[in-house]
Amino acid sequence: MPRMLLVLKPGCSDADRRRILDALAAGGADVREVPDLAVPVLAVTGDLERLRDVALEVFPGVAQVVRVAKPWTLASRSYRADPTVVRVGDTLVGGPGRFTLIAGPCAVESYDTLFETARAVKAAGADLLRGGAYKPRTSPYAFRGLGLEGLRMLREASRAVGLPTVSEVTDPRHVEACVSNVDMLQIGTRNMSNFDLLVEVGRSGHPVLLKRGRDATVDDWLLAAEYVLSQGNPKVVLCERGVRGFDPATRNTLDLAAVAVVRAKSHLPVIVDPSHATGLSAYVAPMARAACAAGADGLMVEVHCRPTEARCDAAQALTPEAFAALVADVRRIHAAMRPPAPTPAPAS
Amino acid sequence: MPRMLLVLKPGCSDADRRRILDALAAGGADVREVPDLAVPVLAVTGDLERLRDVALEVFPGVAQVVRVAKPWTLASRSYRADPTVVRVGDTLVGGPGRFTLIAGPCAVESYDTLFETARAVKAAGADLLRGGAYKPRTSPYAFRGLGLEGLRMLREASRAVGLPTVSEVTDPRHVEACVSNVDMLQIGTRNMSNFDLLVEVGRSGHPVLLKRGRDATVDDWLLAAEYVLSQGNPKVVLCERGVRGFDPATRNTLDLAAVAVVRAKSHLPVIVDPSHATGLSAYVAPMARAACAAGADGLMVEVHCRPTEARCDAAQALTPEAFAALVADVRRIHAAMRPPAPTPAPAS
Amino acid sequence: MPRMLLVLKPGCSDADRRRILDALAAGGADVREVPDLAVPVLAVTGDLERLRDVALEVFPGVAQVVRVAKPWTLASRSYRADPTVVRVGDTLVGGPGRFTLIAGPCAVESYDTLFETARAVKAAGADLLRGGAYKPRTSPYAFRGLGLEGLRMLREASRAVGLPTVSEVTDPRHVEACVSNVDMLQIGTRNMSNFDLLVEVGRSGHPVLLKRGRDATVDDWLLAAEYVLSQGNPKVVLCERGVRGFDPATRNTLDLAAVAVVRAKSHLPVIVDPSHATGLSAYVAPMARAACAAGADGLMVEVHCRPTEARCDAAQALTPEAFAALVADVRRIHAAMRPPAPTPAPAS
Amino acid sequence: MPRMLLVLKPGCSDADRRRILDALAAGGADVREVPDLAVPVLAVTGDLERLRDVALEVFPGVAQVVRVAKPWTLASRSYRADPTVVRVGDTLVGGPGRFTLIAGPCAVESYDTLFETARAVKAAGADLLRGGAYKPRTSPYAFRGLGLEGLRMLREASRAVGLPTVSEVTDPRHVEACVSNVDMLQIGTRNMSNFDLLVEVGRSGHPVLLKRGRDATVDDWLLAAEYVLSQGNPKVVLCERGVRGFDPATRNTLDLAAVAVVRAKSHLPVIVDPSHATGLSAYVAPMARAACAAGADGLMVEVHCRPTEARCDAAQALTPEAFAALVADVRRIHAAMRPPAPTPAPAS
């Protein structure tokens, strides 16, 4: 699939050139020199599958390798022009004119707070309920979630309030239990490059919410999505949640341009998590509005019925009242955007 | 003004403690020990002005210095609670319910393109005309602007179309000529920490558009504003234009959360430049909408009547038609936001 | 364990203060106000274990929370003053005067290249043999390693040339197979925050080489080490391999100051991987020398008997000849550093 | 000078292609299509000087622009293969086998401390004396240096102890006074992109120490050097001093690989400032050793006869005793590196 141009170094020796041509020939490529340029350039065509793992950059005579085709395919717009719509329970994510709200506590902590928060976010207009049962925490001494018990609570809350659920999975050995209990599997920022886990959620066929790694370019992120898609699972929703930045004023640097970049490069839906991005509840509403205006397909927001009692990431949780105000704001902004085209059918 | 807590190291020797107390006493501070903590902590009060340049962190026994008061004052909300409104010619920037559009070419290149672009942005609803006469360019071989001749063209264009102007100043020796010809002085990202220049534009009393340095935290940026304010010039408008990030998908990483952070910490107006932030015209409109929804006081957008002929940053320039569509989008979003409180009077 | 100071906001209301005091009392803390400061400050002592998950930052009246004690313990110098020495097979890592060289191919590809490379690095003075059997790759279509077959090849190569081995583990389900076949388990940069995996390698009791996450601060990294240590496994060696930076001139930004920071904060050995840090073989030798001079306990270097045939990361692999020259350089620099103190006994 | 390849979009229309070809023809370029690739590619040759400011990336049909030649020339190895040696007073900087030590206080504060420190660093083996008279400070309320008076003190100290001097210039209006009083002009990190200032120090013909911008890639930095060189001033020494990073453990992230990158791309000497890079005196010595081993041409280190009295950056200043120990360490490491080739003559 990749076609490429090899820019050689001006003084590339004949021996170095010979080694490059041999490697290309061994890989089954067709090569021609582009004549009359300031420096020698080789144009490489043919079936380059066997050259995939040959590091042409390493050859002494090579100055630059320009790969003409993108490294991913299933996630790209050129593979599928229409936006993908992912069905999660009864809810759809993605497609023009649709804006999906995921809300709930950072972690499932107890029956009472989960049910109270679930009812509140449902009443405020949420489409999906979030809640972590397996919590990756920077410190081994912090609360790490209720595990399987938490998943079961989520399932009951889902039935009680009538919202499909999403919860994070961090270990390939937990995928089965998560599939049985929740409607969508979240891959958190710390596990975006946990490829064994990506393969496992790909195989499950279950809807996947794939958060961007804190250190990932958009291309890295789309290649992580490709891990899931290449297992035959098309139900991937991307979630921007901020990257590592140098300003401690916010927990991460929310990269809203990534929403536009994903839109240009891929057919997958993309939502935004303003809670983890900023880490402070005061900044969640403005960034939620901005995400909507940037063209995101939805939001994931942390809401807790009593934030000061939350055992995890309390500083960024909204009260139900603040969430309801945010929903009203965002719905008005969404309505003010251009009239949408008709929505395509879901991918699944 | 600063009051502080000095956390000492657990094993701080008596001699080390003595040296610390001597330095504090020499600086005129009052010191008491906070009793019964796990580690020794000194509470420091009094007039600490003379301690400003004493690096207490360097003393062997000191583990941490907690300065209780913020390092800036004139730019902070605690100095002035109401939002500042800056008058530029007949136009106001800042204050609730107002959204100001600055548009025009990256560089002033010729009478014809400047006048044609100026008329087009005025027709589309711009409030101020931008155009660079002194262009900081990464390469010394790139087009660096028309200088004084460009400033004069701007003044003529301003009169012809009836828009006040903003143009970048890069050298203290040019401040006077810029003040004579344009209505607002722009400090670009590369000069945010050019403190001699900041002092000079502060002294001029002219309105200043202060772009965020590509490597600046919001606190660094507000301290740069403090350089201007402390010269007795209150007419400062901040402009977020992206910081250095690791993803080459966009030219810089637009940090829209900085708009919310500035709003929380400062009374100064803050606008957003989506053109330099993304570097690609396709991403300008979504980021302009997002900036509005995030609560910015306005936008600065590069528009060129014929982008493919632009001599500078053409990849990010909008056509007049694309700009007009952007204005319509942004106005609808602005109207959809909460009803504003009454606008205070301008600062100047 | 944590003792803290709570700096309250200047205008903190009585009701807000009451809520804070109630939360602290509910957590079992002792609280006193520090009198006569410019702002109210609460000094908090007692057994604060139950306050660990209470987000005091979120309370309306709180301006700043200063935790006096460090969040990690087992990895810190205050827990153990002497440097830890980790035994891997017959080889020791860490301790003054010792400098350990890990070398080998990025991936185990075939018997022939593995054995040839293993003999070459042994001859050049390597102390441990590296080779990846499970390779995390950004693209799902790249070569991902030989898996179990690769581990068995490594075991045979280890016996044949007489070098203990280190290989990456990426999935908790593979830990047992890795423990059976290699002498040290590597946690790669992408899995530094894969906490389920960290717990599993902690439980194994096997030596662990913990690479720094590309987006991790030194504190994050030491907390990842704490995950392993807190399972009762003291055999942790840290490996700096570059963090995300903005300059594409090198693959990552090698943060050699982190070696000095780790040395100041922790008793664990720390080595450096200049191959992944720079991504280009031409920069490996200067960075290897620099790592030695910075005080690292060793190096991990990619070596391949025929780099242009390598199926993975070929651009950064050294030839055996280049590696031998690097070893000679580094040994001379190591000898030129200060005469070491006597080496303590290994931790295990 | 630039030759380039234009990769067109797969579906590039005939009209879009026509516009591209017209623009290239208008710029005087010769164009041929590279046949039989997966996508259309245009090879562009001829005198492309007039295309320098045409943003080909902006044309609708263009997918990628590959510029084959580097954007800088005078700073590059291809312009001058031998290392440049810069003479500063009686001292030489650059060239194989030479290692130059610049030391002194951050700021010139008083006769007594300057002279005492100058004598101490001379005795410890320093080759040049540093001292700031114009200090760029993040806060307008911090000590900003003694200005002209400080320059005069430096000149006297230089004569008294027999060391040439380097001092920072921040304003084009101060260049003349600096040239009259010190032997080398320093451009600080905040002014690396202050192009008016670079042009002015270029015109002066005086030796220039050009620090890397905190947000600058190596290519940006070499283009800043090109500003000086292109004024006919070849006496440029580069200084790496750390870039913006996300880990607050050090003040900046020292990018020592940049030393190797500069060495590969440019003939200019490059030294390292471990004091500003780390911000903490405890990390200065290990990073100084690492810089030497990485192949730097020298060091710039902050030394103060009484660090606890320093009015600027005291946390990073070494005592004269610590500096003397550092010099001994670094000299041993330098001697342990490969035997150098003969040194070329100075550039000036």
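We call the chains A, B, C and D, going by the order they appear; numbering starts again at 1 in every chain.
The criterion applied here is as follows: contacts are C-beta pairs under 8 Å (C-beta built on N, C-alpha and C of every residue); 3 or more make two chains touch, one makes a residue touch a chain.
Just so we're clear, the structure is a prediction, and the values are computed from it rather than from any experiment.
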Where chain A and chain C overlap in contact partners, by chain label: B, D
B-D against A-D, pair bridged by the larger set of C-beta contacts: B-D
Taking each chain's C-alpha mean as its centre, the one farthest from chain C: B
Intercentroid distance (Cα basis), chain D paired with chain A, Å: 39
Chain centre separation in whole Å, for chain D relative to chain C (CA means): 32
Distance from chain D to chain B - Cα centre to Cα centre, in angstrom: 26
Multi-partner residues of chain C (at least 2 other chains): 215, 243-246, 248
Contact set on chain C toward chain B in their complex: 3, 5, 7, 10, 32, 34, 36-39, 41, 43, 45, 64, 66, 68-69, 78, 244-246, 248
Chain B to chain D touching residues, read off their complex: 19, 23, 52-55, 57-59, 71-72, 136-144, 170-173, 190-191, 193-197, 199, 213-215, 220, 223, 226-227, 230, 243-244, 281, 307-308, 310-315, 317
Residue ranges of chain B in contact with chain A within the complex: 215, 217-219, 243, 245-250, 253-261, 263-264, 277-278, 282-283, 286-287, 289-295, 329, 332-333, 335-338
